[in-house]
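Shared between the two complexes below is chain A, which has chain B as its partner in the first and chain C in the second.
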Partner chain A sequence: MNGPEQWLNDWRKAGALSLSRHDPAKEGITVSAFLPAAALISSAEKLGQAGYTLLDISALEALEGLVVTYHFDSFKEPGRLALRVLVSPRKPALPSLYSVFQGAEWHEREAADFFGLVFENNPNLIPLLLPDDLPGPPPLRKKNGALSPISKLGLLGQAEIIDPGFGAACGLGE
Partner chain B sequence: MAAPEKLLVDGIRKARSRVEPPIINLKPVNWFFDLNRAMSIWPVTFGLACCAIEMMAVSMARFDIARFGAEVFRPSVRQADLLMVNGTVTKKMAPAVVRLYEQMPAPKYVMACGNCSISGGPFKFEGQYGLVEGIDQLIPVDVYIPGCPPRPEAFLEGIFKVQEIITGRRWWPEPKEMIS
Partner chain C sequence: MTGCFNFINPLAVTEEPGTTAGDFYTRNFEKKAVPGRIILNLGPQHPSTHGVLRILCEMDGEYIVRCEPVLGYLHRMHEKMGEVKTPWQFIPNMGRVDYLHPLAWTWAFVGACERLAGIEIPERAEYLRVISCELNRISSHLLWWGAFVMDLGGVTPILYAFEEREKINDILQIITGSRLTMSSFRFGGVCTDADERFKSLAKEFIPYLRERLKMYKGLVTDNIILRRRLEGIGPMDADICRRYGATGPILRAAGLARDTRKDFPYSVYHKFDFPVPAGPANDCFGRYLVRLSEIEASLMIVEQALASLPEGSHIMEKAPKANWKLPAGESYMAVEGARGQVAVHVVSDGGPKPYRVKLRAPGFSNLSLFAEAAAGTLLADAIAILGSLDLVIPEVDR
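And now, the complex of A and B:
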């Protein structure tokens, strides 16, 4: 059994860029972390072994890049967890979670539809909700000038910045 | 070579088939057949969004579309003569709607039910990416039923209107509110 604090420790060891504690009554999640893309699969595997399931994959375009959020929940323990990854909007590539949670395939296809994300090793990365030949850029990518920095999006809760580079990029340097 | 077809909505082509006048036009005979058609309209069991729920309501006991002969909902368009486009037509679904229309044998009639299929309705805004703003850009529409969704009574009025288009007259008394 892993409580939220153990998960934070786990993610710290996995090389998290920042760790956050949230008020679950207000934000719906207990703890979250920004992870480097390379640590995503191993962290998801650990959550899977502890009985957590993948709820959804959502994306959000911020000034610093695309924030992709993976929400997890468990039937055994209260509280949801969130893993976040920051990817560059110019080359939005991420490893697929298909090998850990098969259902991730659909969530990834949806995120690919709307944000142009590329999930490597997803076996079937074709549009899920939008037509194959929709012209123009991915529809939920924002125009320049409409973007906010991550620090203003309310994603970080009570944050502890571990990677100084990440903190400086988000304007949260110590 | 024919000029390339102009596509109204991103890459979705219009229906190519159209209804031609009868080859042998014996007026009394056609009038008799039209009257029978109007009193036994077979709609398609076809729903895209919440307006389809109202279509189900109108086919149930309380509003009872069977009183006007239109209760035989067909699962195949090849057996139907009325296509009700119920609800939001997405760009992904639109080619299928066009194909359904083309598969219907003539004479065939189309009702655009609800604001979405008439004009895009509440989803028509600058920057929307997923919807066809008005199914009449793709297939010819005979009757428009506004509403979000339309009341079942409005569906019945739509059926009356289709009957009027087929036979040239209204067959049912008008409600008092409509006369005044």
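And now, the complex of A and C:
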């Protein structure tokens, strides 16, 4: 059974851009990581094999781009953790987790409705909650002036930045 | 009943372009259908869909080959409203997400904000939250019980359930001020203190409901017709729950005693002795039994909390008000709702309004496994499976 520290190690090997420790009493999660989109499925597979379930997908638009947060919890040994992917708003595509967690289909469709995200290989990426003919930009995308940087939103917790490019993009040093 | 169904026979569809029957979702669903099979729209105004859920079914005779829920008929975009109101102004929204267990949602949102801001509330307020949230859970389960049995054709029990529910509403009205969209929790406590009338009515209610539960067992639970409709129908094991993120009574009926009140302790639940019913079967009847046992567990909690209700204030001094700002940061708070793990993810940049409010509805995940669970079952059994999920559509759609 992996503890939070082993997951951090796992994600480091998977090529994480940053690793974070959180205060569970305040933030509700133990550890989190920003992963490159390419490492998402394999990391989710490991969580699935260890008995974790996908609780939800909580996306938001920050100054650096769209942050897609996947919350996981274990049925064997409760303890929430999060994987995050930073996606460019101009090309908001990332892989679907449907093959690992079938429940991801709906969470992804919801995030697609609200943020215009495209989940590749989602089996049925049609509108879920919003009408199929809704005009205008996705409703939870923010106006340019209203964007805040990731570091200010506290998503990094106590972070260890691994990828210098990612750190620079988030306005953080090594 | 037939009048509620909307039959679309693909064979009757004309070939002329632009005149295809059905809407966007039907046409999308039809693409994968075997020609000649009937596509059946169950809902969105069907009584057994509890609100306005629509399910597209591909039928082979009486059997569902494939189905797909269509959501959004009760979507109100609470998450957007969370970004345009101050946190304090957003509290009443939480009473409207799930109208059967509104206090669980209020708690998740208020709790997430309090944790982010490091607010500790008076102990009396914690107790009042526990008492009101548990009474609310009982009323939610009672309504589910009545409606579920009604789905199966037994019309009488819901009238009994509503009698109990009225009593709970009378009690909760004293401290929440409402009978349906209760949202009485405030940052730093609760809006109204409990008076003697509340305490005596709540104390009287516990033995009363225990007696009634015995009657429920004799009248409904042990009824052979009910059992034949439920036993062995719609098995859902721990693996399907994990793959879809199903929580609450569905997961517990699958044999896993997972309960947010024990797993991620919040408030004063650790002070009370109460069981987490799990099993004995993962079919529709197992889920039925788990919910009835949970009513008894909630009664135990209310009884203990009333007996040890501490003195003090029901809200902290200088509690946050309408213009209160959340500090920057994120918080994810989960509570055990009647339908499973209710969670609110609040992200703030320190501004007057939350940067992002994400609502995790247990019903959303629980319903998402329906398509897999209902494939290959009789239509009548699918109605039993749907009812056993205890759906509240405004919560699913948010």
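Keep in mind that, in the parts below, the second predicted complex is superposed on the first by the 174 of 174 C-alpha atoms of A that agree within 3 Å, B and C clash if a C-alpha of one lies under 4 Å from a C-alpha of the other, contacts with A are read in each partner's own complex, and residues count from 1 in each chain.
Just so we're on the same page, contacts are C-beta pairs under 8 Å (C-beta built on N, C-alpha and C of every residue); 3 or more make two chains touch, one makes a residue touch a chain.
A quick note: this is a predicted structure, and the numbers were derived from the prediction, not measured.
Of the two partner chains placed by superposition, only chain C is touched by A:Ser148; chain B is not.
By the document's definition of touching, of the two partners only chain B reaches A:Pro135; chain C does not. When chain A is checked against chain B and against chain C, the one touching more of its residues turns out to be C. When the two complexes are overlaid on their common chain A, residue A:Arg80 makes contact with chain C while staying clear of chain B.
In the superposition on chain A, contact of A:His71 is made with chain C only, not with chain B.
When the two structures are aligned on the shared chain, A:Phe101 is found in touch with chain C, with no touch to chain B. With both structures placed on the common chain, the touch criterion links A:Thr53 to chain C but leaves chain B unconnected. In the superposition on chain A, A:Lys26 contacts chain C only, with no contact to chain B.
Shared contact residues of chain A, touching chain B in one structure and chain C in the other: 129-131, 133, 139. Those residues of chain A whose C-beta lies close enough to touch chain C in the complex are 25-29, 48, 51-56, 58, 60, 69, 71, 75, 78, 80, 101-103, 105-106, 114, 124, 126-133, 139-140, 148, 152-155.
Touching chain A in their complex are the following residues of chain C: 24-25, 28, 68, 71-72, 75, 77, 79-80, 83, 112, 115-116, 118, 238, 241-246, 251, 256, 258, 263-264, 328-334, 341, 343, 345, 347-351, 355-356, 358, 360, 364-365, 368-369, 372, 397-398. Contact residues on chain B toward chain A in their complex (touch as defined above): 10-11, 90-92, 129-130.
Within the complex formed with chain B, the chain A residues making contact are 129-131, 133-136, 139.
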